[in-house]
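Next up: the structures, one after another.
Heads up, the next two complexes both have chain A, just with different partners, chain B and then chain C.
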Partner chain A sequence: MISLVIVSHSAKLAAGVHELAAQMAGDQVGISQAGGLSDDGEQLGTDAFRIRSAIEEVWCEDGVLLLMDLGSSVMSAEMALEMLPEQQRQNCLLSNAPLVEGAIVAALHASLGEPLQAVNAVAEAALSTPKLAGTG
Partner chain B sequence: MEIRPSQAGPQEERLEGKTQHQDGGVSSNSHAPLPVDQPAQPESSLQQSKSVVVTVSDPRGLHLRSGRDVVRTASQFQAQITAANLSRNSNAVDLKSILQLMQLQARQGHNLQLAASGPDADAAIEALCSLF
Partner chain C sequence: MAQEITTKQLRKWLLVYAARIIENEDHLTKLDTAIGDADHGVNMRRGMGKLQERLQVERQSEDISAFLRSVAMTLISGVGGAAGPLYGTFFLRAATSPTNGSSIDLPQLTQMFRYGLDGLQQRGKAQADDKTMIDTIQPAVEAMEAAVAAHQSAAVVLAAARQAAHLGMKHTIEIEARKGRASYLGPHSIGHQDPGATSAYFLFETAAEVLTITGAD
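Moving on to the complex of A and B:
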């Protein structure tokens, strides 16, 4: 079963998305978060070292899907992957999915035991799924 | 919960045709790929088609957590399963997608038409009915 890492500029946002994802996944899916520049949530920003730690916290052979908010979250996540040993890095995947929808969908499908690429595919489908019916 | 058998007979093979027939010809949702003709698949007595209308009983409507349980249950079956919100005249969406399920914007009292097609369609509908 794959694991998820939530990456955000805001520790509070990361914690909130983590909470939502955990409710969708139940106890079975490893989920960690890397939000902000400090644990108290005071400093906004992204930090590759914090992201690397979050990956290491939940890393498993089935894979780790990283869900980011935007901008430097993506760059910091890329840097975090570069810091990992090759053997760990190859099981990690950066998702193009929007953070909230992506985390909810990924958590649910991860809990169904689906493989990394499949979970990412349904999460990224959120990009083309409007929340208001009959739009888009 | 209130369950009424729909008018759709078991002889109807395609959910898309059924939905259009019942809802006065709504167009299919591009985000909800509905079953299409599968020439490679021979006619089989194992193919079932079942449709019911359920009424949402939860005062908060069909929300994320209850939607999660619907998707989990639906995912246990091979059948293709769709739902349309009759109270909103919505298109049919894939019941195995939490995002599409949320698109139904189903409030308490709304009528949803569930339709399943596949070898375990009957069991799928039976399992799902109790969740609304």
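Moving on to the complex of A and C:
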């Protein structure tokens, strides 16, 4: 079963998304979070080292899907992957999914035991899922 | 052409750079308030404070690559915002360029900046004229390469870099942002100088001040 890592500039946002995703997945799916800066979670920002630690916390052979908010989250997540040993890095995937919808969908599908690429595909499809009835 | 730059001089350079950024925090904040999220000054000041602490502690490190890696690590976790991974990558990649151990000659210094620039472009995926720090660093590195190819002295090479960096920074006023938070503003970003290009300019301004002095303490 794959694991999820939630990356956000805000520790509170990361914790909130984690909470929502965990509700979908029960306690079967490993979910970790990296929000805010190292020394003070109240400061907004992303830190590649914190992201690496979050990956290591839930890393498993089935894979780890990273869901990010915006801007430098992506750059920091890329750096974090580069810091990992090759054998760990190849089981990690950066998702293009929107953070909230993506994390919830990914948690649900991960809990069903779907493989990494399949979970990412449904999470990314959340980008084009209309939020309002009768649109899209 | 026996001018060699030592780890000690690079440390001095980055101490002066850190101080220059801290002096300019309000200026950077003002620039970033106009076209960004107003955090570049605060983020850079925080990162530079961490860098100063690290440079005080790491007085003993002689190896240039190890020194640059240590600088990179400090910036990655100390800056926050996009500038953290970007400056971090710049120095991390610079650390992989060839050295003579505890010194580098002028072509190696130029190559160090080139490695940093290439890393930066891979990380941020920005091109020239996207209104980013690339608009400062790329012309500066190209000016250094041209001056080194013409066998100029360190003073001339670094003065050329500084001048090109300054022109590049000023050029960001005229162009529309295509990367980063400022790109959300589209044409409204024209008329404002890019904060990242400005903090990057100080790298070359301080390099020209510090690295030309042989045996600087």
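The definition used in the following text is that the second predicted complex is superposed on the first by the 133 of 136 C-alpha atoms of A that agree within 3 Å, B and C clash if a C-alpha of one lies under 4 Å from a C-alpha of the other, contacts with A are read in each partner's own complex, and residues count from 1 in each chain.
To be clear about the criterion, a contact is a pair of C-beta atoms (placed from the backbone, for glycine too) under 8 Å apart; a residue touches a chain by one contact, two chains touch by 3 or more.
All values reported here derive from a predicted model rather than from experimental measurement.
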Inset, instruction - Consider chain A as the common anchor and indicate whether chain B and chain C clash or fit when overlaid. - result: fit
Inset, instruction - Based on the superposed arrangement, let me know which partner A:S72 touches: chain B (first), chain C (second), both, or neither? - result: second
Inset, instruction - For A:T46, decide between first (touching chain B), second (touching chain C), both and neither. - result: second
Inset, instruction - Could you tell me if A:L37 is touching chain B, chain C, both of them or neither one (first, second, both, neither)? - result: second
Inset, instruction - Figure out whether A:L108 sits in contact with chain B (first) or chain C (second), or with both, or with neither. - result: first
Inset, instruction - Aligned on chain A, what is the least Cα gap between chain B and chain C? Give it in whole Å. - result: 28
Legend entry - chain B residues within the chain A interface of the complex: 31, 64-65, 68, 71-72, 75, 85, 88, 90-91, 97-100, 102-105
Legend entry - Residue numbers on chain C that touch chain A, as the complex places them: 39, 43, 46, 73, 76-77, 79-82, 84-86, 88-89, 123-124, 180-181
Legend entry - List of chain A residues in touch with chain B within their complex: 20, 23-24, 101, 104-105, 108, 111-112, 122, 125-126, 128-134
Inset, instruction - Under the touch definition given earlier, write down the residues of chain A that touch chain C in their complex. - result: 37-38, 43-50, 71-72, 75-76, 78-79
